[in-house]
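First the structure, in the form of structure tokens, and then the observations on it.
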Amino acid sequence: VPLTVAVAGASGYAAAELFRLLSVHPDVTEVRAYSRRPEAVPLPGHVQVRPYGDLFAEGADVVFLSLPADAARAAAKELVASGRVVIDLSGGHRLPEARYRAVYGDAESEGAGQAVYGLTEWFRDELKGQRLVANPGCYATAMALLLLPLAAEGLIPDFAVADGISGHSGAGRAEKGRHLLAEASEDVSPYRLTGHPHAAEVEEVVGARAGKAFRLHFTPHLAPLSRGLVTTIHLPLDLAPERLAALYQERYHGSPFVQVLPPGQDPRTRHVLGTNVVELAVAVDRERGFAVLTAALDNLGKGAAGQAIQNMNVLLGLPEERGLLLPTFAV
Amino acid sequence: VPLTVAVAGASGYAAAELFRLLSVHPDVTEVRAYSRRPEAVPLPGHVQVRPYGDLFAEGADVVFLSLPADAARAAAKELVASGRVVIDLSGGHRLPEARYRAVYGDAESEGAGQAVYGLTEWFRDELKGQRLVANPGCYATAMALLLLPLAAEGLIPDFAVADGISGHSGAGRAEKGRHLLAEASEDVSPYRLTGHPHAAEVEEVVGARAGKAFRLHFTPHLAPLSRGLVTTIHLPLDLAPERLAALYQERYHGSPFVQVLPPGQDPRTRHVLGTNVVELAVAVDRERGFAVLTAALDNLGKGAAGQAIQNMNVLLGLPEERGLLLPTFAV
Amino acid sequence: VPLTVAVAGASGYAAAELFRLLSVHPDVTEVRAYSRRPEAVPLPGHVQVRPYGDLFAEGADVVFLSLPADAARAAAKELVASGRVVIDLSGGHRLPEARYRAVYGDAESEGAGQAVYGLTEWFRDELKGQRLVANPGCYATAMALLLLPLAAEGLIPDFAVADGISGHSGAGRAEKGRHLLAEASEDVSPYRLTGHPHAAEVEEVVGARAGKAFRLHFTPHLAPLSRGLVTTIHLPLDLAPERLAALYQERYHGSPFVQVLPPGQDPRTRHVLGTNVVELAVAVDRERGFAVLTAALDNLGKGAAGQAIQNMNVLLGLPEERGLLLPTFAV
Amino acid sequence: VPLTVAVAGASGYAAAELFRLLSVHPDVTEVRAYSRRPEAVPLPGHVQVRPYGDLFAEGADVVFLSLPADAARAAAKELVASGRVVIDLSGGHRLPEARYRAVYGDAESEGAGQAVYGLTEWFRDELKGQRLVANPGCYATAMALLLLPLAAEGLIPDFAVADGISGHSGAGRAEKGRHLLAEASEDVSPYRLTGHPHAAEVEEVVGARAGKAFRLHFTPHLAPLSRGLVTTIHLPLDLAPERLAALYQERYHGSPFVQVLPPGQDPRTRHVLGTNVVELAVAVDRERGFAVLTAALDNLGKGAAGQAIQNMNVLLGLPEERGLLLPTFAV
């Protein structure tokens, strides 16, 4: 199937990664970029930028939205109505409406909860034939992949605690001082002690699977790297380490992008840089009755553009890994 | 008081930082370095390296031990017996004997618990006139400074969860591949999911102050920077944010090296680079009933050499901040 | 043509990059690794490490040598004699014997000058059907690609001056302190003011093409990145900037991995990270009568493993870019 | 002498470094900041920001100008007329008027050449009692310190070639994409192949000392670090290495901030981070008849704020090193 694909909102890092990955996807024959400020878009030579308004008139088999949440919901409504397949990389469709308003403090929330949640490994069946996908947040992807196996087995406690560490590309092409290398070098810092919206995303998806309320205490941190994130989750759980490891091995058997590491190996962002892979590891501190779950992924890969293409593949009935089996660059 | 100071085990990063800081201490007139491999010691020009064995024969008012734990306990025993003041930067004296054996799996533990714990802000009175100080671990310093105010007020719960992120100098002049820049650039990774000995150190000091058992679930991570660490602690606590902040403000009022940040500011390793300062911030997620405590310090400064000199100052009756009020280099 | 490929000396960064790239080469069906210390080789899961001695008994269509220069010459002699195609990534075959001895101070130099010099863009015809290729040095690749167009046109002066800046992977999995991130962060430094062997390599190949003696004054520097190098060359030349640019555009037209940038764009290592691409730019300071030539490449890509595979492709009659058209990872 | 000091233009990195260094200067009792946008200035707590206009009405013994070149010349004129001592960190006073117009393409150049050039080690006598100092550019400081000993001895050739490598703080608190850590990590790049104004600065000062025309071919590069620069100069010179080294040793004997390294040691930015020190090294390639001169300094220290304070000290008759003997932070 030769596919024509459009990216709306072409100036950000996730869009740049979409162009990079789509340029080697064997079924994608044309990639179009749409932007409100075409002149501001730093794109690879093979992509032409068109005015944003033309997005709705011109045809495209799949449209990736890399827009602010409100604009993404408005665009999705129009595009889906005209028969397009839409994958929204913003936070605009990830939460039910009431939760969306509570988390974002946003009065306008129409349609927020009307997409299928595109955590591919857990929603493959729901994705097939869908029209609108809410691509998960980068941290949410890592945390949900770590917690859902426990939720599915009835092993999830009432709460968990998580910290996250990510590079600066997560902040976008921002102009804030702390993201300049001159101020970011040799710096590590938490940046939002409570209330990160990805925690709400995980509470919703894990709570739904577990059939009970679930609280997640999450604090993200910035570290001096460009791409990649690690999240480490702690929760009360007293289980034999071998049983816990087996549970993840079994659950992700057959998922080409989830690598459950053997005991003693730690997830590293370097291993997954530029790929759609997630590395996971789990451990139990039996003395204290707590488990540790940890994962590394590329926030622009599995955390954004990679998973968006993975979702496109599943939704269109293509092999899930099509166009995504790039070797990591890491030495 | 003109002081002659000795550093035993001169080849590591903490020793290098001791020499840097002692070179501008107004009361220190001579600094001597002792090493088993004098030729391997990369020191600033003003320091002469002597054979390790001479340490015990030659006089020095204060001896800093930057040695492996076992060697440090043996040296401390001999030096204290001959009337020297000893500040041990290793883990050799930080835990009671039984706990020491359990944590380090070490058969030999004689004298492990016989020093005063040199977390200066909490043990000033105990330090005065002491002969032997156990300088706390870098992560333990940050975590204990965050938890002790709650312990002292009877507000500490039975457990807390913490993550840590540090630079590569914490690993020493190691030769392992992952610490080479060629492999550490663009990499973040957890490195010991459970059982880090600094957690035991914090459990001991916090439990003792609280008068009850206390469990700490702690996982450290490596990030691509040279110096500095952040630790973020989560614990069940439902308190008005203002009350919590006030508690820290009051407790550390008059402590020149602890800066409790106003709401909305986050601790950053860059702010404390090359200094003896700790930046702290606290927040409460009242909806979920959890508090977040977070701190940044320089693992070679307040986390090692800086605090060692701070302890020397207190122990000898000098002003606590003598020689330590260096401006941070950060832009 | 299904190819069986061997890599001798599997523990270094260039070998790791060979495995990464060969894993996606469509004609390579098997990759074997040979090492004197198989247990020390940190390889991706799909590669099995065999004892070094078996290299000579077992069959392989192409053998890449990632060995010390002396061992590489000895191995090449034996392998070529038994009919294998050998691509030597060491410096062992890059210089004529007398020059080799002068530069490396090595008494033993037998066979040093008996390979074709594998700067693919300039030696395509010589490579076809060859048995032994000397893969150029990383800096030499960049500098020769910049200087040969002038040499071929009779425009090269008697000397040029060059500086180079590279990341730490060029030093190998070394154990020296300055390559640890803890000491390399926030550090830039020259490291060999005169006499770098890559200068001799360039003098030879440029002098031969120009038909006259040519001197290159070259100093390399280390910067805090993992992969990539830039070299900037200055030489007396008074030519219209447009003519100079056109000369490079024409010369590298049809070379898929050499990108001559338009005026105002600068080569960046980030653009070529993980690829076999070289970015070039040229400028003229007409007021002072000097030209500036500058290039960026990945020292493990076009500077080592990438060019080695490019050479294999040409030598075996495959399309030059086979298996090497990976998108860069850079955002 | 208790000094009141003013900094005009307080929002940049050089200003921040001035505040850092002035805060530990024993003779400076008050530091005032003046800015057109006081609310935008991220300053340490001890400094109060005042409206720019008040600078001219209020008294201050010394005024540091950290302004655009045109504004700096206008402010200097008014301040000197009212009896203040002015140290201009911009490029506004570094070149003679005609050269200034040629280099900056600026029509307005009144007063450009009317200051003493504040390369302290070479203009101590001229500085004493002066009213207006042109603080040299960061690269110009390093290059002039390397070239002037040759110029003074009549050994300077007609031209030299130089490359420079610096961190991102040199670009200021810019908002350009390439200075964001997300795009600057793993990146090295030249950024202005010809025509950098610091080359003109060096040509002027070296040519004047040598009494002949001197051309400098200079290209700067960006590397992923915050602070620090290295410059490496190549020039035709056939001199015994020992004689060349001795020449620098003698010339800078008694200059507390210039460290001529012994043979085999290379200047490193890490060694001078946060200090006013310059590390120099020289070598000769006798076979090819070229010398290499190389230096490392902190672009915000000796390259800006440090040298500005050094100039203030000399100008006011204070010991040259007053307030500037900070230990480097580097491990």
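Things to note:
Going by the order they are written in, the chains are A, B, C and D; count residues from 1 in each one.
The rule is simple: a contact is a pair of C-beta atoms (placed from the backbone, for glycine too) under 8 Å apart; a residue touches a chain by one contact, two chains touch by 3 or more.
Nothing here was measured: the structure is a model prediction, and the numbers come from that model.
Chain centres here are C-alpha means, and the one lying farthest from subunit A is D. Across the two candidate interfaces, B-C and A-B, the one carrying more C-beta contacts is A-B. With centres set at the average Cα position, the gap from subunit A to subunit B is 38 Å. With each centre defined as the average position of its C-alpha atoms, the distance from subunit B to subunit C rounds to 46 Å. Residue positions of subunit D with contacts to 2 or more other chains are 13, 167, 169, 182-183, 185-186, 224-227, 273, 331. Of all residues in subunit C, those touching subunit B in their complex are 13, 42, 167-169, 171, 173-175, 177, 179-186, 224-227. By the touch criterion stated above, subunit A contacts subunit C in their complex at residues 13, 16-17, 20-21, 23-24, 169, 185-186, 226-227, 273-274, 300, 326-329, 331.
Interface residues of subunit A facing subunit B in the complex, by the touch rule stated above, are 159, 161, 163, 165-167, 182-183, 185-191, 193-195, 215, 217, 219, 221, 223-230, 232, 234, 266-270, 273, 281, 283-285, 288, 290, 292, 294, 296, 330-331.
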